[in-house]
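Below, each structure is written out as C-alpha cells.
Common to both upcoming complexes is chain A, partnered first by chain B, then by chain C.
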Partner chain A sequence: MIADLSRRSLLRRLRSDGIVLDSGAVATRVFSRVPEVAGAILSQYGHYPLMDGDTVANYRIGLAPGGGLRRFYRKQVVGSVGVPAPFTPFPVAIAPMMLEMTMNWCVATRSNRYLIFHSAVLEKHGKAVVLPGDSGQGKSTLCAALATSGWRLFSDEFGLFDLQTGMMMPNVRPISLKNASIDIMEERLGKGALSQRLYDTPKGTVAYLPAPEEAVARRMEQAPPAAVIFPFYHPNIERAVRAYPKARGLITLCGGAANYEMLGAAAFRAMRDFVDSHPVARIAYNRLDTAIEMVERIVLEGLSEDEVATADRELTG
Partner chain B sequence: MIRWCVPQDRELLWYEREGEAVVFNSASGRSHYLNALINEMLRYIEEAPRSAADIHGHLAGLMDGAEPDNFADRIGDILGSLALQGLIDPCRE
Partner chain C sequence: MSSPRHGPQAPMVAALREPARMMALSAPDWEDVIAQGLTGALQGVLAGKARGLAEFEALPRAVRHQFEAVEAVTAYNRRVLAWEANRIDLALRDVGCPVVLLKGAAYNARRLPSLAGRLASDVDILVPKEHIAAVEATLKAAGWRSMPYSDYDEHYYREWMHEIPPLQNIDRGTYVDVHHTILPETGRLKPDVDRLFREAEPIEGSNLLTLCDADMTLHTVVHCFQDGEFAGRLRDLVDVDGLLRDFGQRDGFWQRLMEASDAHGFGRPLYYALHFCRRLLGTGVPAEVWAHLERHKPNPLALAVMNHAVPRAVMPSRMFPATAQVRLAQTLLLARSHWLKMPPLLLLRHLTRKAVVRRKKPA
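Moving on to the complex of A and B:
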C-alpha cells in the first residue's frame, strides 16, 4: 500500500520516478516536490496499491510549486499535464483539489477508449447504476451514501462506458463533497470519515471521502449498466419517481458526455442503445435512505407502469 | 417557392420514442432533440423535398383542424432553425 511509505519516502519518490495512482480504468503517474501533495496522496490514496516503478501509466501529471515570490510567500501549486492545460495556480492549502482536478482533466480529455458520462456510477448485485447530474443536484452526496451502504463505487465524477464491451469500467477515486453535503455525510459517517476541509476553493468548501477499500481492491471489475437515474435532492419532496422520457434522457446524457462529439456516430449509437435498453428515471427525495431504497428498487425491478405513465409530470411529493 | 430537403451527403441517425426524437447529424457531429412537431416535420422532409406549404398541409391534416394560431409563421421559424443547425437545406432541383 502507498501508506506503507513514510511521508518522506513518498515525497522522495514523487520527486524522482513519480508514484502511480491506479484507479482501474486509468493509472496516473504523479510527480511533485510539494509536501502538501504527498500529504494528500497519503490521506486519499494511502490504501491504494503501491505500484512498481516500471508500471506503465496512462498519464503523467506534475504538481509544481508556484513561481516567483509565490515560492516563499502565500505558496501556490499548479498542475501540469505535459501540454497546455487550463490550470491556474491554487493556494497550496488546497493542493488536494489541484491533484484531483488535474487527474480529472486527463480523464475528460484523453480517455477516448470510453464514452465518458458526467455521472456517478456504482454497482450492486452485478448491476451498475449511472447517476448523471449537474452540480447542486445531489449526485455526489447520493454517491457517497450509496458507496457506504453496500454499493461498490465506480466513480463519483465520470462514468466510463467501454464502447467495445458495453460495460461500465471503474475509475475509483475519492468522492468530492461540497458545502452542505460535507456536514450531511459527516453526520452520517462520523467525524474522521472525510478528509480535512478545504476552504475558499473555487467550489466553496470541499472535503473528500476516500474510496472504500473494497472498491479499490475490485477496481478492474467491470459491470453491465442496468439503469440511468437522475437524482434530485429537494427539501420538500419525500419520495418521487418518474420515468424520464427516453429521447430527453438521451439528449441530456449526450450533452453531459465529455467526448461525445469527438467520438461521433459511434458514441450516438452506443448512447442510443444504452438508453433504449435500460430504465431511465428521475427521482426526488429529501432523505438519503429513501433515495438509496429507490435506486435499489429501480435497478433490481425497473420502473412501474405508473411511473412510466406519469413520465411527463413534474416531480412532486 | 423554396423546397427543403435533407442534403444527400448528410446521414442522419435517429432515436425516436413516444413521438419525440434525438437526431445525430453526421456532418456536424452534433445531436439535436426534436419535440413531436419538429420530429414530424424533419421526417416528412427526409422522405422527399417539401415546401413550407406542403409541410403546413401535412401537419394540418394530422391535427384534424386543431391548428394553433400563427402556425404558418411557426413552421417558417422551425424551418429556419433546422437549416441553421445544418439538418436541412434549400433543395437544388
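Moving on to the complex of A and C:
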C-alpha cells in the first residue's frame, strides 16, 4: 500500500522515480516536489497498491511549484502532461484538485481505445449501470451513495466502454463532491469519511470521497453494461421513473462522449447498440435511498410498460 | 544498468530503427519511449511499427493500450487532414493557380505507408507568390480568418519568412499555413520555386497537387536541417527516413533526388539528413548517392560538432527530468538554425526585438 510509505519517503519518491497510481484502465506516474501533493496522495490514494519497478504507467504527469516569486509567497501548483495543456496554477491548498484535474485530462484526451462516456459507472450483480449527467444534477452524489451501498465504483466521471470486449472498464479514483453534496454525504457516512474540504476552488467547495477498498482491489474487473440512467435530484419529487426516448438518449450520450467524433463510425455503432439493447431511463428523487432503490430495480428488472409508454412526458412526482 | 539516453542505442531510436527491439525493452525504458512518443509526436509512428510485429499482443498492457489509443487518434487525424484538404481545394478552385499540399497533408494524400501514423495539426499549402494575395483573400471570404498578431509579427512573416500568418477556419478551428516557397526568403539557400511547381504531381480526384517524390523528400530534409529547430525533433528525421524507405523502392528515385538536390542547391542539408538517418535510423542509401554528395560533405570539425549535438538535441523530452546537457545541445542548434535563416544583422535585430517585446497572445 502507498500508505505504508512515510510521508518523507513518499515525497522522496515523487521527486525521483515518481509514484504510480493504478486506477485500473490506466496507471499514472506522478512526479512532484510539492509536499501538499504527497499529502493528497496519502489521503486519497493511501490504500492503493504500491506498484513495483516492472510497472509501465500509461501516463507521466508532473505537479510543479508555481514559478517566480510564487515559489516562496502564496505558493502555487500546476499540472504538466508533457504537451501543452490548459492548466492554470492553483494555490497549493487545493493541490489535490490539481492532481485530479491533471489525471482527468490524461484520461479524457489519451484513453481513446475506449469510448469515453461523460458519466459515473458502478456495478452490482455483475451488471454495470451508466449514470450520465451534467454537473449539478446529482450524478456524483448518487455515485457516492451507490459506491457506499454495495455497488462497486468504476468511476464518477468517465464511463470507459471497451470497444473490443463490449464491457465497461473501471477507472477507480476518488469521487469528487461539491458544495451541498459534501454535507449530505458527510451526514450519511459520518465525519472522517471525506477528505479535508478544499475551499474557493473553481468549482466552489470540494471534498473527495476515497474509492472504497473493494473497488480498488477489483479495478481490473470489467462488467457488461446493463442500463443507462439519467439521475435528476429534485427537492419536490419523491420518486419518478420514465423511459428516456431512445433516439434522444442516443443523441445525449453521443454529445457527452469526449471522443465520439474521433472514434467516428465505430462510436456511433457502439452507442446505437448500447441504447438499443439496454433500458434507458430518467429518474427523479429527493432522497438518495429512493434513488438507490430505483437504480437497483431498473438494472435488475428493466422498465415497466407504463414507464416506457410515458417516455415523452415530464418527470413529475 | 540504464539505457543510453541518445544515439542509435537509445530505446526510442532503436525501436524506430528495428521494431523487433521493442520486445526486449524494460519497463522503465518503455515508459521513456511512451513519454518521448508523446512529446515528440512519434507515438503514431511507433504504434504503426509495433503493429508490424507478430508478437504485438506480448507487449506490456499499458504499451498496447497507448498504441491502440493513438491509432484512434491517427485515424481521426487522417480523416481531418483529408477533409481540410478537400475544403481548401473547393475554396481555391476558382483562383486558378496551382495549390500544392506540403508535409503532413501531402504524406496523407499520398498514403505513404511508412508515415501512416504521423500526426499533423495544420495543413500547409504552397502557392505561387504572385497569387498569394488572391489565395489569402479567397480563403478569408470562404471562412478562414487571420489570427490577431502584432504588426511586428505580421512584418516578420510577410517580409522575411516564406509564408503568411496562419489562417484559422472559423467553424472547425483548424489552421492552414500558406507558403510561397519552402524556405525563408532571407535564408542562404534559394530553392528553385519554379521547379517545385513544374514537377508537382496531381492528386487523383482533386485539383490539388503534391511535390514530386524528390522535392517532397528535399522539403522534409531542409525543414529538418535548415529551417526548423532541432529540439526534440527526432520526428523530422523519422519523416525523412520514412520517405526514403517508401520512395527508395521506386524506379529512378535516387537519381531524381540527386538531380533535384543539385537544382535547388540542397547538397549540404541532404548530406546531413542522410548522414543522421543512416547513423540513427539505419536508413539504406545507395553508394552512388554518397559519392555524389561527397563534395557537400562538411569539414571534419563541423561534422564532429554536429555528430555530438544532433543525436542529443533531437531526442524528445522524457518529461522527467530534462538534463542540462541536452538543453545546451538544443540551444546551440537553435542558434545555428537562426544563423542559417537570416543574415547576421537582421538576426541581431530580430532577436533584440524578441527579447524586448514578448509576443502578444492572440485575443
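Everything below uses one rule, namely that the second predicted complex is superposed on the first by the 316 of 317 C-alpha atoms of A that agree within 3 Å, B and C clash if a C-alpha of one lies under 4 Å from a C-alpha of the other, contacts with A are read in each partner's own complex, and residues count from 1 in each chain.
The definition used in the following text is that a residue touches a chain if its C-beta (ideal position, glycine included) is under 8 Å from a C-beta of that chain, and two chains touch if they have at least 3 such contacts.
In this text, all values refer to a predicted model and were calculated from it rather than measured experimentally.
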Room on chain A for both chain B and chain C (clash or fit): fit
Partner chain in contact with A:Ala57 - chain B first, chain C second, else both or neither: second
Touched partner set for A:Arg272, first chain B, second chain C, both or neither: first
Greater chain A contact set [chain C / chain B]: C
Chain B versus chain C as contact partner of A:Gly82, first or second or both or neither: second
Which of chain B and chain C A:Gly264 touches, first, second, both or neither: both
Chain B versus chain C as contact partner of A:Arg29, first or second or both or neither: second
From chain A, separation angle of chain B and chain C (C-alpha centres, steps of 10 degrees): 70
Which superposed partner A:Arg248 touches (first chain B, second chain C, both, neither): first
Partner chain in contact with A:Ser111 - chain B first, chain C second, else both or neither: second
Shortest span in Å between Cα atoms of chain B and of chain C, once chain A is used as the common reference: 8
Chain A positions touched by chain B in one structure and by chain C in the second: 261-262, 264
Interface residues, chain A side, partner chain C - complex: 18, 26-27, 29, 31, 53-58, 60, 62, 80, 82-83, 110-113, 259, 261-264
Sites on chain B touched by chain A in the complex: 11, 13, 15-18, 20-22, 24, 26, 29-34
Sites on chain A touched by chain B in the complex: 245-248, 250-251, 254, 260-262, 264-265, 268-269, 272, 275-276, 311
Parts of chain C lying in touch with chain A, wherever the complex brings them together: 27-28, 30-31, 34-35, 38-39, 60-63, 65-66, 68-70, 72-73, 75-76, 79, 317, 319-320
